[in-house]
Amino acid sequence: MSIKKISKEELSQLVSTLIASGDRVEGVQAKDDKFAFGPLTSADDLRLDYDVTLLSPRKYVLPPVESLMTFEVGGRYQSEYDTEKLTLIGVHPYDMIALNQIDQVFSQDEVDNHYTTRRKNMTLIACDVVTPSENVFASSMGTATVSEGYDILLTDIGDAYVADAPTEKGQALLCNAADATAEDLAKRQAVQERNQSDLNRHPLNCKIEDLPQLLEKAYDHPVWEEKAASCFSCGSCNQVCPTCYCFNVQDDVSWDLKSGTRSRAWDGCLLENFANVAGDHNFRKKRNDRFRHRLYRKGKYVPEKLGIGTACVGCGRCITACVPGIANPVDIYNTLLNDIKL
Amino acid sequence: MSKPRVAIFDFACCEGCQLQIVNLEEEILDLLGVVDVVEWREAMSEQSEAYDIAIIEGSITRPEDEERIKDIRSKASILIALGACASIGGVNKLKNNFDLNDVKKCVYGDAADMPHLETAMTKAVDEVVKVDFKIQGCPVEHDELTYVLRSLLIGKTPEIPDYPVCVECKAKGNICRWEYSEQCLGPITRAGCGARCPSANNRCFGCRGYVDNPNVDAAKDVFEKYGLTVEDLKSRMVLFGSKQGPTL
Amino acid sequence: MSECCCGEKDIYLPELATITRMQHMNETELFLHLELDSGKELGHMPGQFVEVSVAGIGEAPISNTSSPTKSGFDLVVRKIGRVTNAIHAMKEGDKLGIRGPLGHGYPLEDMKGKDLVFICGGIGLVPQRSLINYVLDKPEDFGKVAILFGAASFEQRLYQDQLARWAQNDKVQLLETIDKPHPEWSGNVGVVTTIMNQIDIDLANAISLICGPPIMYKFVIMSLEQANVSNENIFVNLERRMKCGVGKCGHCQINHHYACQSGPVFRYSDLSDIPEAI
Amino acid sequence: MSKNIDINVKHLTRVEGHGNIVVNATNGTVEKVEWQVPEAPRFFEAMIRGRKYDDIQTIVSRICGICSISHSLVATKAVEDALGLEVTEQTDMIRLLMHFSEQLQSHVLHVGYLVAPDLFGAKSVVPLVSAAPDAVLTIIKAHRVANKWSELIAGRITHPVTLIPGGMSQVPSEKQLKDLAGSLKDIVADLVTIVEVVLSVADKLPAFERDTEYVSLGNMNPAQYTFYHGDIVTTDLDEGTPVNQWESVANEYVVAQSTAKWGKWHRKSYAVGALARYNNNAEHLSPLAKVVEGKFGLTKGCCNPFMNSVAQLVESAHVVEKALEIIDKLLTQGIKQEKVDVKPKAGKGYAAVEAPRGILFHSYEFDDNGICLGGNLCIPTNQNHANIQHDFEKYVPEFMDQGEDALRQGLEMLVRSYDPCVSCSTHMLNVEFVK
């Protein structure tokens, strides 16, 4: 299908129609002086000109807490699935790429059908960045624009949006829209080209393909110790990261003490007991072990596992979230680059 | 199997944690379905000498209280410290920052020497007897309280968070209070409250005590970064139990 | 919430198995024989593990200790935490939830015709047993077998019946040691590396398999390297924290490896450049 | 009938905190009647010294779990008075909503869980669950709604987290307020049920009267039934006394039988609480509250302390109706998060609010940096202690003929009817009869 154009009013009407349908519609809205994804009750609240959201849209594919199954003590386990339909509006390219990565994790090898069920019921409307956030470095990570994963991608060209809908779900929503003209497409390209260079508050001094090689040589570098000395092990960097997906599983029984729920919740590799086993043996006991692990996951382990460029999409959220101000990945990679020859 | 017998006792405190048991509302009936509450002065007139689980609220502030808690310990197979006062001393411990005679004079003036006003250094329960489980918070949280009780009833050691409040705060999507330079203790305080205070746009006061291994040096760095002093940090950290946790 | 989904199997959903036999080996170790309620065989390979569920308490990864040549499967559970305590409180006829077999077992093809040296510390014998019994059930496929078993103390010399049975097999050389002397013990005293020179097998051409407490690996590997054993011929069995057992939850990661997927059995040459492994 | 009486109730149950009752009579002559408060003293006035102005309400909230909202509110008001801070009308309304939620929460708890067992002759609310399940479930429901209400506005049921000097850290959304209004309208019927239940056993409330002075907030312009604003008023005086003169009202003193301080004003003792508020402000009750008042035949000037629980029921109806008015107003004028900017300065501040169990005074002094130099807190239960003692002295001879058990029970009920928060005063109840 060709690429469409939709005026701001038309989009607003489309969103209103979606809300009126009674299905769950969530999108980016202002929260005090920041932005957050949340339930949309009015199309007027949608803010596609936002810079970055507090939490990434990962919370929609992997909720902070999610019931996996119910059980009866002594036996009988029964799977539980979230089958609610959801339209999510306003996903930035770097977050879309992060979702694509998590999609891969949960559908490769053994398929996690709790995840895929939820994902299949989602309609994703992405949008190109209008306002760069204070810590974004997506340009450095090659994540300033995105080409797959969404049902619709909106690009603000001033008076209207150019809307690319590669899926049937997306096309169905845009069936009344006019085709974009060559001029519109040129404007769109200008926006995307600008973003590819300008979403770069923390430029990385190497190509992302070089990161695994850099990290290969950096395991014993003093930067880990230096930075981790002021790490709280608070996991804030994990919690806000769009590509972090580790989880914990817990059982709880009801008051009858005979039945209950097994649920999973967000976990984080920076938390002290993440790699602790019974008998109190901790495989990453020291703060710097855990601190390093995250940066290796983003720059080496996950990219190698998934065959992708990088598992840090440059959203900059961890930079903002880290109270002692040590979590900036670029800061660390650049420090290593100063000392280590590729 | 007969139901475990539970007794609830209070020492120096505001009784807000016991109140959270009352606040279980309908769930109290569920609780009473699986345990026998044999003593609970705030809610019932019966008193008992025989119980399996003793739930202790409040901190120990007088010599006679030490005797009483030792007696309770000797009769209970499981002893649970309920809330900040019992677990870490609570605000009662602020008293320990002063000379005890001065404290009495300040409140009771010329009458300070009357024998019934005698007081000692405030202690958390585990500074006097062994505590098996702590339910943190000032007051305790509904969900944690019921989870711990249910876990114990099925013979499971409850999984209590040993990570900071920031984990829950971030998961809630809050704006960090430090972005407004507010001295939030979330990074060193034990989670489990769902980041109640930051979620209400307030800073974390540390009412749940600290994680097992809080990075106090990092906290000092952060306070300095925001133009504050170690004294400021200390003043925040002692609010819910001065002797508890790391020394500065 | 709903109970239906798109038809694929729920990788987190345990199936039920019944404890048909159990035996308390000592205060901390419990032997269990289980059969799946579905009547099917688990279909595991030696070295694989299962996630064992006690509803309400949680899950724990436990190695399969029986050879797939036998029906049903055996587990040995050490009492150390929530789930394992709860399993110890069970009785025959009770049910456990089982997910598996999970992970990567021993590469049997690569071992065909080779002599095998099992070096086990304490409960490390448990996963190895699945392979030892398999090998002994198919004597024509493998060479000689040496079993080195080190216990921390005299009281912790587990599996004596099993060890005695193995000792009777002509193919097997059994060597035992305990870390600390004991009046009733006349055998070797010292850590497991102190009996390695007594092995009748030519180590350099054999396959060595190590399983034991985390600190044991480093020393055993040093001794093997001194005996000119190449890293390709050393296999280690690594324990990590696990929540899902299927490469999602992230807990068992050892640098870029997921212990549950690439392991728990690793060829040491695949790990030698991995700082967190040993 | 026994002429020798020895009542010795140690740690009276079903009250907040610890209190003892000691009565000693030989051959019909009363030798000793004592209301003792042996609660472990906690020294809040000493502990707040050196703390910053914005920690004060967090600390003193812990004086009492049941009236933590009142303590937080009065402390915040006193701090604001000292620092010269004015709050907006919106803040004021939201705080009133918060305060009303505590009145309901506490009154339902007291009447439903603590007093009702006495009226039904039960040892606690537990046996009532099977005896009168519907009534108990209704009480539980009202209590739950009140708690949810507190949690919404205060951020937590007990020990508020949204109160900051100068304003509110968080305000409820319009949707939350609408939902709250819905559930408040919903429990009006439940309150009526509770009233009927108590009415059915109201004859168990002893006919005992003792004329005394009743002190509360009042004197507002325009006149209203107040819990939060106004001057100090008394049944003994026509004009109001400004709140900053509270120390001359309470006249606190220390007695040997109590770790809690006692107070007196125009007479040898005075009473505070729902009945005091009622006796000073009854004509300004809401319509439903007036209906409840009528059902029990409660009239202004009542001096039966046992009727305090009835006055609490009257007030419960009042606060629900008033809260609905406030919510309406907030929704009409719109609600928004307001910025608060506080500059510390030296000063002394005073405040009073009505805790559910009576008028509560705090005052604090701060230095230039907003560091607390000291404070003075006077808790309602302390103000009632002397009055309870005097009630005892009149009650024991009047009811001694009933025998020791009935007498003990009457005295326990008498103390409970004051809804003492002995943990406030420090803690309260034990009865001893000495032969």
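Per-chain residue numbering starts at 1, and chain names A, B, C and D are given in the order in which the chains are listed.
Keep this in mind: a contact is a pair of C-beta atoms (placed from the backbone, for glycine too) under 8 Å apart; a residue touches a chain by one contact, two chains touch by 3 or more.
Keep in mind that what you see is a predicted model, and the values were worked out from it rather than measured.
Peer 1: Trace the shortest sequence of touching chains from subunit A to subunit B and report its length in steps.
Peer 2: 1
Peer 1: Taking every chain's C-alpha mean, which one sits closest to the mean of all protein C-alpha atoms?
Peer 2: B
Peer 1: Between subunit A and subunit D, what distance separates the C-alpha centroids? Give it in angstrom.
Peer 2: 51
Peer 1: As a quick test, compute the distance in whole Å between the mean CA positions of subunit C and subunit D.
Peer 2: Using C-alpha averages as centres, the distance is 65 Å.
Peer 1: Using mean CA coordinates as chain centres, what's the gap between subunit A and subunit C in Å?
Peer 2: Here the centre of subunit C sits 38 Å away from the centre of subunit A.
Peer 1: Would you kindly tell me how far, in whole Å, the mean C-alpha position of subunit D lies from that of subunit B?
Peer 2: Those two chain centres are 25 Å apart.
Peer 1: Two or more other chains touching the same residue: where does that happen in subunit D?
Peer 2: In subunit D, residues 337 touch at least two other chains, as defined above.
Peer 1: Please list all residues of subunit B that touch 2 or more other chains.
Peer 2: Residue numbers touching two or more other chains: 154, 159.
Peer 1: If you look at subunit A, which of its residues touch at least two other chains?
Peer 2: 32, 73, 250, 252-253, 257
Peer 1: How do the chains pair up in terms of touching? List each pair.
Peer 2: Applying the touch rule to all chain pairs gives A-B, A-C, B-C, B-D.
Peer 1: With touch defined as at the start, can you tell me which subunit C residues reach subunit B in the complex?
Peer 2: Residue list for subunit C touching subunit B: 56-57, 81-82, 85-86, 89.
Peer 1: Where on subunit D does subunit B make contact in their complex?
Peer 2: 11, 13-17, 38-52, 55, 58-59, 61-66, 68, 109, 113-114, 117, 123-126, 129, 137, 140-141, 143-144, 147, 155-159, 161-162, 164, 169-170, 253-254, 256, 258-259, 261, 337, 374, 423, 427
Peer 1: Provide the residue numbers of subunit A that touch subunit B in the complex, in ascending order.
Peer 2: 31-34, 36, 54-55, 59, 64, 73, 229-236, 239-240, 250, 252-257, 266, 268, 271-273, 287, 320-321, 323-325
Peer 1: For the complex, give me every residue of subunit B touching subunit D.
Peer 2: Within the complex, subunit B touches subunit D at residues 10-20, 22-23, 25-26, 28-29, 32, 37, 40-47, 58, 61-62, 65, 90-92, 94-95, 97-98, 102-104, 106-109, 111, 114, 116-117, 119, 138-139, 196-197, 199-202, 205, 235, 239.
Peer 1: For subunit B, which residues count as touching subunit C in their complex?
Peer 2: Touch residues, subunit B against subunit C: 154-157, 159.
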